[in-house]
Amino acid sequence: MMKKSFTFKDRVRIYDTDAQGVVHYAGYYRFFTDGTENLLKSLLGKGYPLKGNTWLVVVESKAKYMRPSRMGDLLSVRIDPELISEKAIRFNFNIYNGAKHICTGYIIQVSIDKNRWVAVDLPREIRRKLDRA
Amino acid sequence: MMKKSFTFKDRVRIYDTDAQGVVHYAGYYRFFTDGTENLLKSLLGKGYPLKGNTWLVVVESKAKYMRPSRMGDLLSVRIDPELISEKAIRFNFNIYNGAKHICTGYIIQVSIDKNRWVAVDLPREIRRKLDRA
Amino acid sequence: MMKKSFTFKDRVRIYDTDAQGVVHYAGYYRFFTDGTENLLKSLLGKGYPLKGNTWLVVVESKAKYMRPSRMGDLLSVRIDPELISEKAIRFNFNIYNGAKHICTGYIIQVSIDKNRWVAVDLPREIRRKLDRA
Amino acid sequence: MMKKSFTFKDRVRIYDTDAQGVVHYAGYYRFFTDGTENLLKSLLGKGYPLKGNTWLVVVESKAKYMRPSRMGDLLSVRIDPELISEKAIRFNFNIYNGAKHICTGYIIQVSIDKNRWVAVDLPREIRRKLDRA
């Protein structure tokens, strides 16, 4: 499986920050969430949420914060998606502020049947595209 | 119609603040939302959301910010509910930091049938209790 | 004073929504905040925050919600800035989901000296550009 | 080192949820943040932030989500603090919805000198109380 990374840029907004003057730790998950949605949209040519009864739900999230970033900073968010089972995708994130590597982490999303709230195989189209990605 | 005010206290958390070192303007709506839920729970003896197909949805929100507040401040939130029609409640808010009046505002909530997303009369129990309140 | 409106587009993200399936009322203020920052950046050719000791702080916010919007909707946010005194700007907002007018509101921001936390005249450059805007 | 756990209860609010009808994954970090602040306040008899030039900053966060929770659920949040160096505390979290274990995770906070933004030893009082905790 080859991996292809996907990158987008976004600016730190005042609501991402807290009284310490830097991005609040949980605020980086906004960039993770946007990254996941942007990637799926780019891969599938249509927006999340997935159609039908299939939803992606987050079962794990992690982030390490190496350096602070501040309001107005233009961040570069690199996403490396990884199919870790027939049912789960791990989205790996690395965030840069210019040349500085400021945050690394991931979220794992599992495909569920939203009516029964049980794990199901990911739609074939997504698995195929992520295998090729 | 007599009015009875309802008050609760809550502390400013770091995620309520932004890089200006004070509570973010939209952060005060967290206190408004909590106040509405606390009041309904207190009036009805059970938690929001309303049962059945009836939801309350916000159709208007407003706040004026007279003074800043900071992380760790213990705020006092006074709520004066007002039945403005058979279908709508206006929740008036005044927030104090000790003796200082720091914020005033309101949200208007309308009762809807969640399946048809159209306004319907508020449940009789709520109207009755707010009339007496 | 002629007014010139400024428009940007943004997509509703999952974190903008709540369990009612639509954008949370306070979530629209994210679009208001982004609009203000985008407009100032466009007018001034540089990012907010203002340099030096001058900050803009929000003293009033209001929104009316005419129709709901949902995850994935591409919203069009129109901003009409209005200089209401030497110290204050009112940013008027109208949000559209395609042809549907879903939200209208404003925020008022006042220029302060951040060290003394008192109102001061807006930087001349901003007043001049908003007068022409 | 004996460990003493600290527990508090809080209710899921509408703004914690998203359009999937359950608490948004990043929303659990609100409970982690509140837990840390509540614990420090309980240990030290005074509120966070720490006085003087010492701040606690988050350098790592992680959460696993085993089961969903919904608006109105009363969650029980258990915190086990752990001094992992002279400069860092790991706050371990386990969240329960009644008897159901729904979330486990941690945040690591490091003590810094806020003016130089470099790690420094935790205040002796905190180390002493956490050692005994």
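Per-chain residue numbering starts at 1, and chain names A, B, C and D are given in the order in which the chains are listed.
Throughout what follows, a contact is a pair of C-beta atoms (placed from the backbone, for glycine too) under 8 Å apart; a residue touches a chain by one contact, two chains touch by 3 or more.
Predicted model, so just to flag it, every value in this text is computed and none were measured.
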- The larger set of C-beta contacts, choosing between A-C and A-D, lies at A-D
- Could you please state the distance in Å, as a whole number, between where the Cα atoms of chain C are centred and where those of chain D are centred? 34
- Query: With chain centres defined as C-alpha means, what is the inter-centre distance between chain A and chain D in Å?
  - Reply: 23
- Query: If you average the CA atoms of chain A and of chain C, how many Å lie between those two points?
  - Reply: 27
- Flagged in chain B as touching 2+ other chains are 14-15, 19-20, 22, 26, 30, 33, 49, 71
- Query: What pattern do the touching chains form: line, ring, star, complete or other?
  - Reply: complete
- chain C contact footprint on chain D (complex, rising order): 14-15, 17-22, 24, 26, 70-71
- Query: Which residues of chain B touch chain C in their complex?
  - Reply: 19-20, 22, 25-26, 29-30, 33, 49, 55, 57-65, 68, 107, 114, 117
- Message: Using the touch definition from the top, list the residues of chain B that touch chain D in their complex.
- Response: 11, 13-15, 30, 33-34, 37, 47-49, 71-72
